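Below: one structure in C-alpha cells.
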Amino acid sequence: MDKIINTADNYVNEMLDGLLAWDKRLARDDRAVFLRRSSRPNKVGIVSGGGSGHFPLFVGYTAPGLIDACAVGDVFAGPSVDSCMRAIKSADQGQGILLLYGNYGGDKMNFDLASEMLEMDGIRCKTLLGTDDIASAGPQEADKRRGVAGLVLLYKIAGALADEGADLDHVHAVTAAAADHCRTIGVALSSCTLPGRDAPSFDLAAGEIEMGMGIHGEPGIWRDKLKSADALADEMVDRLLADPVAQPTNRVALMLNTLGATPVEELLIMYRRISVLLEQRGITIAVPMIGPFTSSMDMGGVSLTLMYLDDAREAALRAPSDCRYWNLGS
Amino acid sequence: MDKIINTADNYVNEMLDGLLAWDKRLARDDRAVFLRRSSRPNKVGIVSGGGSGHFPLFVGYTAPGLIDACAVGDVFAGPSVDSCMRAIKSADQGQGILLLYGNYGGDKMNFDLASEMLEMDGIRCKTLLGTDDIASAGPQEADKRRGVAGLVLLYKIAGALADEGADLDHVHAVTAAAADHCRTIGVALSSCTLPGRDAPSFDLAAGEIEMGMGIHGEPGIWRDKLKSADALADEMVDRLLADPVAQPTNRVALMLNTLGATPVEELLIMYRRISVLLEQRGITIAVPMIGPFTSSMDMGGVSLTLMYLDDAREAALRAPSDCRYWNLGS
Amino acid sequence: MSIDTQILRVALRRAALATRLAEDQLNKADARLGDGDTGETMRRLFGALNNEMPEYSDDIGGFFAELAKICARSTGSSLGTLVTVSMMVMAKQTKGQTVIEWTDLSPLLLLVRDQMMARGKANLGDKTVIDMLDGVATALVNCDNAADAAARSRQACTTTLDLFRDRENRIGRARMFAKKTIGQDDPGMLALSCLIDALSGDTNIQASSHA
Amino acid sequence: MSIDTQILRVALRRAALATRLAEDQLNKADARLGDGDTGETMRRLFGALNNEMPEYSDDIGGFFAELAKICARSTGSSLGTLVTVSMMVMAKQTKGQTVIEWTDLSPLLLLVRDQMMARGKANLGDKTVIDMLDGVATALVNCDNAADAAARSRQACTTTLDLFRDRENRIGRARMFAKKTIGQDDPGMLALSCLIDALSGDTNIQASSHA
C-alpha cells in the first residue's frame, strides 16, 4: 500500500520528530526517546527498544508507569548500539536498569554490547526478553521464542513495580514470572510494505492466511484458506491454552491486537467468541484489552495474548499510569 | 483485503456482541447501544448514530462524558428508524435529546422519522448535524457538507455541557457554534472492501491518491499521483485554514486521524510538518489528537480536523470523561 | 377481484425472491454511481419482510403497519427508508380496510410518492425511485383490474427507465458523480422495476421463495 | 607497502560505492530467506561511514575507533552490528599503530571472526557472513602484499559461496526457512563478497563515490 512519507531514509527520524512535537513529556537523544521527568526519584529504570514499524510498540509506551526510555531502530531493524546506550543512560537513576525487549538476535546483540560498555560506567543492567510468541518455537525451546505484543503487558508490570520503589532484582523477578505466564499467537491476512519498497514484504494471496506468522512476516505454523472469525478464535484460544505454563490461574489479562489494516470491528467479532470460550473453561478475563497495541504497519491480521494473573501481576496491570496506548477502560 | 468475519450479514450484530462483552458499561436494545448508568441524573441526552465500518465512530464513543446512546446501522448504511427510536428512548431523562450525527441523506431521513414519532410521546429532540468535511461542498453550501471525524470533537463538547447540567438549548447552541468552527479534509490512498464483497469499494491505483475523498469513497477534489507527506500536510493545512469561519481564533483542537490501514507512524511524520506550519501562522495546537478516531475499515488514508477554540469549547474538550477513544494524553 | 392481504402476502414472497435474484445486478448498478449496495439493501429488506411475515389477518391497514415496523427495524439505507415510508403511508391510508380496489391504487401510490418526496427532500425529475413510482402511479390512473395493472405498470417501467437514462442524477450519492450518471439507470428505479416485474407476473404461480 | 589510513580511506569510499551498486541484489538475496533489507542495511551503513569519514590522521587504531562509533550509531541490523563489532576489534588490536602489515591481516581477521561468533552466538558452518570471513582470513595466511591479498580473497569468496550454497542456514531469520535456503547464497556472505570485490579492485583507481 502507498505510504505517506517524505523519504524512506527519513521515516524513523521524522516519525520521532512528530512524536516529540505531539507529546511534550518526551525528549530525544538521537535515536533514544525518554521521559523528561521520571515518574519518581531513585527508581529502577525500565528501558526497551526495537525496530520501528510496530507503533505504538516500542516507543509509544515511553510514558509514566511504563517504560522510561526507548532505543528506536530503523523499520524492522534493531536499535543501534549507540541508541541502546543513550536510552540506558537517560533512564539511569543509580538504581539499575531493566532491559525489557523482544527476543530478536540483532536486538540482543546490540543491547548486550551497549550494556557491557555501560557497565564500565557503573550502570547495572539486567535483561529480560519478551518470548511470548508460541508459534516461533516449541515449549521445549521457549527461550528461542520471539517477543511480540505480550511485551506491552510486561512494560506495565515492570513500570508499576519500579514506580512503587521496588529494586532491580524484584522488578526483574516479578516481570520475569509474568513473562513466563504470557503467551501470544498471531495470524496474518496480508503483508505490509516497507517504506521505500514497491512490493509487499512477503506474498500472501487474497483468501489465504498464515497462522503463527511473526510481526515481520516470519514463517508460521500453517498457511491455508481464510477461515471464519469463530474458527480462528477457536484455534488461537486452543493453542494458547494448550501451551504449558508453570502456574496457570483462572484469571487472565487478554490482549486482542490488530496488526494494522484489520479493523477493530473484526477484533470485536472475534472477542465475542473468545469471551465465551474462556468463560466455558472457567477463565475470567480480568483485564480485557482490544485495539492497536503492536502493529506491523499496514499488515492485515491479529494477535491474541493471554497472561495468567496472580495478585501481584493483576495489581501491577491496574496501577496508575499515563499512556495513551495503555487504557483499561472499564 | 481479507476480513475476519463469520458472515457478512452478521457483521454488525456480532461486532456489537463483542463490544458489549468487552465494555460492561454498555447495554443494547437491538441496534441501539446505550450507557447502563447515566453520568448524571436529569441530564440532556446526547444521541448519535450512523453506519458501521467507522469504528470507533460512532458507537465507540458511547461513554461517560460523550454520547449516551448510539443507533447502529449496517456497514456504510444509516441506522434504521427503529434503532434511532430505541437510542433516543434509552437516553431520555425528560430533559430532551440532542441528536448529533453526520449530514447524510439516509441518516437524516431516519432520525427525522424517529424523532417525529417520539415527539408524540413527549420526547423533545433537537438536531445538530456534523458538516465538517470541506471537500464535500463549497463554503456557500456549507450545510450540504458531510460530517466526518469532527463529530468526535462535537460529542465531547456536547457531552461535557450535558454533564454540567446545561439545558438542551444551551447544549445545542454551544455545540452548534463548535460545529461552525470545525473543518476536516481527508485524503484516501487505497480503498476499503465491504464485508462479503470480493472487490474493493472503489478503484484507486497504487501510487494514486484522492484528495477530499469521503469516508465511504465519495468523490473528492482531485485524484493524482501520491505526494510527499510534507506536500500533503501543506495542502491540507492550507485548505483548512482558507475555509472561512465566523470567528477564527489562534488556538485550535487538531485531530489527525488514520482511516484504517495507514499506520500512526505516518500520521506522526505528517504531524511533524503540521505542527510547524501552524506555529508559523501563529496558531497554537491546544488539543492535539493523533490516532484512529474515525475509520473506514481497511481504507488507507488520513483526515485532518481543525476546530477553532474559544474558552467554552476548550474547557469542554478538557472536561473529564471516560472513553478509550478520547484520550488527550498530555 | 380487488387486492386483499392474501394477494399482498404472495406479492411479498415474490418480492423477496425477485430481490434475491436481482441482488448482483442492482449492486452493480449502484456501484457505478453510488456505494454498490442497493441490491444487498433490497435483498435484506424484502428477506426480512418475508421471513417475519405477520400472521394472517384480513386487515390491510394492520398488515401494512406490521410491515412498516419490520422495515423500520431492518433497514437504514435511503432506499430502504423510502420503502418504510411507503409502508407507513399505506398503513395510514388503508386503515380499517380489508380490500383495496384496483381503481384506488393509483391515488394511493401518488400519496406515497408525495410523502417520499417530502422525506427524501427530492423533486420529480431528480432521477430517483420516486420518478419511477410517479411513472407507475400515473400509468395506473383509472386502471380497474390486475391484468391491466400488470401490463400498464410494466410498460411504465420501461418508459420511465428510457426517459431518465440519459439524464443526470440530482440526489443521493449519485449526485456527486453528476455527469457520470448520464447513460446509467438509477439503481433505485431499477430496483422498483425489478419488483414490479416480479409482482406483475402470472399471479397464479405461487412463488416458492420462503427457503 | 603496508596498509595505512590512506588506503583505508580509499577502501571506505569504494565500499560505499559498492554497497550502493549492490543494494538491489543484496535485498533480493535477503528477500528470499530473510526480510529483504541486507542491501539497504549495507548501503546505509557504508554510506554513513563514507559521509562521516573522520578527519585525516595516521592513527589506524583511532580511525577504526571512530568508524566503530559511526557504526554503533548508524545500524541496528544483525549484519550491521557484526560490522560494528569488527570495527571495535580492529580498533583495539591496532591501537597506536600507523600501519598494518599485510602479513598481520589474516590473524587480525581471525580475531574479528572469533568476536563475531561470540556476539552473534553463531558457529562456523552456520552459513553466515562469519563463514565468509573465515574463508577469507584463512586464505590470507602468510600473504604479504596487496596484489596477492586481492587475488586470494577474491578466490576465497567464490570458493566459500560455492561451498555453502547447497547447505542450510542455521542462524538469523533464514534459520526459520531452513530447507528453502538450500541453493541460495546467504545475503551476509554475498555482502562481504561484494565488499571484497570492490576493495580488491585496482588500487590506483580512486573511487569517486563521495557524491
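Order as written gives the chain letters A, B, C and D; numbering starts at 1 within each chain.
One rule holds for everything that comes next: contacts are C-beta pairs under 8 Å (C-beta built on N, C-alpha and C of every residue); 3 or more make two chains touch, one makes a residue touch a chain.
Keep in mind the model is a prediction, meaning the values are calculated, not measured.
Participant: Taking mean CA positions as centres, which chain lies farthest from chain B?
Facilitator: So the chain farthest away from chain B turns out to be D.
Participant: Quick check: how many Å separate the C-alpha centres of chain B and chain D?
Facilitator: 54
Participant: Using the average of all C-alpha atoms in each chain as its centre, how far is it in Å between chain A and chain D?
Facilitator: 33
Participant: Averaging over Cα atoms per chain, report the distance between chain A and chain B in Å.
Facilitator: Each chain's C-alpha centroid was found; their separation is 29 Å.
Participant: Going through chain C residue by residue, note those that touch at least 2 other chains and give them in order.
Facilitator: There are none in chain C.
Participant: Quick check: what residues of chain B touch more than one other chain, meaning two or more?
Facilitator: none
Participant: Based on which chains touch which, is the overall arrangement a line, ring, star, complete graph, or other?
Facilitator: line
Participant: Every pair of chains that touch: which are they?
Facilitator: The set of touching chain pairs is A-B, A-D, B-C.
Participant: Please give the residue numbers of chain A that touch chain D in the complex, ascending.
Facilitator: 9, 30-31, 51, 73-74, 76-83, 85, 105-107, 109-110, 112-113, 136, 194, 196-197, 201, 216-219
Participant: List the residues on chain D that touch chain A in their complex, please.
Facilitator: 35-37, 40-41, 44, 69, 71-78, 80-82, 84-85, 119-121, 171-173, 176-177
Participant: Taking the complex as given, what residues does chain B use to touch chain A?
Facilitator: Those in contact with chain A are residues 1-6, 11, 14-19, 21-25, 52-53, 55-56, 60, 189-190, 206-209, 226, 228-230, 232, 260-272, 275-276, 288, 290-292, 295, 297-298, 300, 302, 322-324, 327, 329-330.
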